[in-house]
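Below are two complexes that have chain A in common, paired first with chain B and then with chain C.
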Partner chain A sequence: MTEIALGSADFLREHLRARLTLAMLVAIPALFVLVSSSVLGEFAAALGGSAAGDSASALGAGWAAAFLAGALGFFQVSSSRDADRRLALAGMGAARVVAARIAASVVLGVLISAVAFLTLVLTAGVAHGAHAFAAILAFALIYIGIGTLVGSVISEPLEGSLTVAFIFLIDAFSGPGMSGSGGAAQLMPTRKAADLLIAAGAGEGSPGGDWLAVGLTALGALLLAALAFWLSARPRTG
Partner chain B sequence: MIGRTLTATRMGFREQGRRPLLLVLLVALPFLFISWSFAITEPTPRVIALPGGEQVLTTMRDLHGAIMVPITVGFLAGLVGLFVVRSALESDRRLVLAGYSPGEAIVPRLAVLVCATLIVLAVSLAVTTIDFVPSSWGPFVAGNLLAGLIYGLIGALAGALVGRLGGAYLMFFLPMMDIGVAQNPMFFDGAPPGWATVLPGYGPSRVLIDGGFSQGFDAAGPLAVALLWLIALSVAVVVLLRRSLEGG
Partner chain C sequence: MADEAPAETSTLGSATRSADPVLRVEGVEKGFHRGIPPWRRRVAVLADVSLAVGRGELVGLVGENGSGKSTLMKVVVGLLERDAGRIERHGRLGYCPQAPLLWEKLTVAEHFELFARAYDLDARRAGSATADLLSELQFERYRDYRIEDLSGGTRQKLNLALALMHEPELLLLDEPYSGFDWETYLRFWEMSERRRDEGMGILIVSHFLSERERLDRVYELRDGRCEEA
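Up next, the complex of A and B:
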């Protein structure tokens, strides 16, 4: 357990030791929520969507957390492939490397989500604060899974970043409150999380089935991330 | 000297040619982003203000399609700039140690960046014309090209100063917030608010909006602003790369 905690702390330090990266992890969600909160309602209306006012602002916070977490997940895998294998071979073992990576990712996801949530509270206010934070965190966790999955398939940073951005934009623009309501939009990874966030922004509760669906999606994403980290760290012959 | 620069440029393009996924993404992403923007946007009426002060009636669909071009070009060029410079910082110091001057190492990297920007711009314009024909092609193309080059250079600066992860964050959100929100006539009162004029996307966006929706040309001021951004960023990138390569 201590080994996992130490490894996780080291992985966190690895990402946050560049002060500018840390500053951006804090500043970008805040700026994005601040700038987009005034226009997302108009944008949703242009796409024929229903998100308006505080619901649209809340959606912006989820988007900011999602993209940052996706990029983070991608770079965690793509930059750590060799190091993780060596760590595992040096005695830490693949399972503990994976647990430490997941713990570090979740901590970073919570940090990003907290910044996006606080900015949302300060700029637009949220009627259902706990619901909104949980939904924003779900956006981040789901995209940690997507980012790590992309990182396990694509190693080049440019191609990987573009792929994460592509998935994110399709997901965001076809989600609820924007253009999507049926067909392929139902299959988008953050669809249910967006439903929760929109409801929380409007001061409404959400059905238990939606919470269950979001919880299972986030859990599935973290399992995918664990698989991606394990593929990176697992011992290989030859 | 020119021969060595040409050789390094050829190698730079060959390096990119070995990455077929990159080429696929540079072609497919503009196609998907722009055609999709047209497809999902309602043709609701919208009055916008042109740079000369004239007001014109258009639709949200046309505006969204037109403004997606510089967002897409800026975003993709920015990411290419970011990672081309990261790659240059990792490997071009060896070229300088081997006898290349920093200038001979920098020119090929900038050539790759400009070429990638042109590819993305060409695809983006071709896709746009399926649904939207600008009133005046010259300013529309020039504005989009300037957006791509300016953001490509900002990406290059980010690559040298911020690192990969921070740079990727910056190059995704900056074009989105600048061109996609602040300069976007779909929002506010159909023209950028006062604070948006200090952002790098202001000049290019006003030039291309003028070209998109007016047959005359009233965007000389924004064009000059965009060219100043372009020159200042070019100088900054070259100075920074020279220092990095010489200091290595």
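Up next, the complex of A and C:
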């Protein structure tokens, strides 16, 4: 257990010592929330959606968390794949490397969500704070799963980050309040989390079924992330 | 520790006989798929490779660029799957990859700590191994430097030190001295010969003919096959 915690702390350090990551951690939530509260309403209307005001600002915080978590998830796998495998082979084992990576990812997800939530509170305010934070965290966890999965199959930084950005754009633009409400839009990974966040932004509650669906999606995404880390760290013994 | 193979060879060649082997490789095959379907084709890199390394032996692996030396090392270590054959390893394994596999934002000291935990070394042993290797390879002053701030040669020293810190019985070195200056290069051979004399089995990918006299035996990898030179 101590080994996993210490390994996780090392993996976290690897990310948090990058100045650009820290700058993005502050800049992206601010940008997304401020843009959402101003022009998103017009943009959503052009796409046939209805997002506006506090709900749009809240949604912006969720997207900021998703974007950052997806990018960091991707680079957690793609930049350290070979080093992680070496560590696993040295005796740490793939299972403990995966556990340490997942723990680091969850801490990163909480940190990203906290910054996005704080930005939302400071710039636009939010009626249901706890609901909003939980939904933003769900955005982050879901995109950790997506980012790590992309990282496990695409190793090149440019192609991988473009793929994560492409998935993010499809997801965001087909989300509730934007262009879509039925058909394929219902299958988008952050669909239910966006519903929760829009409701929290407008000061409304959400049905228990939606919370359950979001919880299960976030859990599934973490399992996906564990699979992605394992595919990268596992020994190849034939 | 023996890795069972998807397809085994049954005959031991003379190359795989060793009195007290720490590594035995028999009939290993490895190929890679290139291109996209329907133009996908398999390129064979290793075909029926057999070799052995005994305790207290310093064995070289030579071959032209692209002959499959690093592929063979990765298959032996478990970084790549093999298509056929059998690999037996005995005792603790140390592996120094050709390119340093390190974490850019962590310091030298943090790397030693991370690998000490992976090797399950207690604090006293980890501390003394770290101090000894920093001193032996003469890079103590970089202890608190991040990897991103190190030169290629110093990264390579750390890469090598991490493979040695748990005193493995079998040490696999894939061109471990690239980036070393002449003094460090000579020190590297002294370190290897001393460890060989203490009983470590070492397999080293080597390029230079002048190194052959330092080696107990040499295998040459050519056309996917390995022969004792």
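Definition applied: the second predicted complex is superposed on the first by the 235 of 238 C-alpha atoms of A that agree within 3 Å, B and C clash if a C-alpha of one lies under 4 Å from a C-alpha of the other, contacts with A are read in each partner's own complex, and residues count from 1 in each chain.
Just so we're on the same page, contacts are C-beta pairs under 8 Å (C-beta built on N, C-alpha and C of every residue); 3 or more make two chains touch, one makes a residue touch a chain.
Quick caveat: nothing in here was measured; it's all calculated off a predicted structure.
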Partner chain(s) touched by A:T163 [first = chain B, second = chain C, both, neither]: first
Partner chain(s) touched by A:L118 [first = chain B, second = chain C, both, neither]: neither
Partner chain(s) touched by A:L227 [first = chain B, second = chain C, both, neither]: neither
Which of chain B and chain C A:F173 touches, first, second, both or neither: first
Chain B versus chain C as contact partner of A:V26, first or second or both or neither: neither
Which superposed partner A:E14 touches (first chain B, second chain C, both, neither): second
Which of chain B and chain C A:A83 touches, first, second, both or neither: second
Chain A residues touched by each partner, larger count belonging to chain B or chain C: B
Chain A residues contacted in one complex by chain B, in the other by chain C: 15, 18, 79
Parts of chain C lying in touch with chain A, wherever the complex brings them together: 3, 5-6, 75, 77-83, 85, 93, 95, 97, 101-106, 110, 113-115, 117-120, 146, 162, 166
Chain A contact footprint on chain B (complex, rising order): 19, 21-22, 25, 29, 32-33, 36, 40-42, 44, 60, 64, 75-76, 79-80, 82-83, 86, 161-166, 168-170, 172-173, 176-177, 181-182, 184, 186-188
Chain A - residues contacting chain B, complex: 15, 18, 20-21, 24-25, 28, 31-32, 35-36, 38-39, 42-43, 45-48, 64, 67-68, 71-72, 75, 79, 154, 156-159, 161-163, 165-166, 169-170, 173-174, 178-179
Residue ranges of chain A in contact with chain C within the complex: 3, 6-7, 10, 13-15, 17-18, 79-80, 82-83, 85-87, 89-92, 235-238
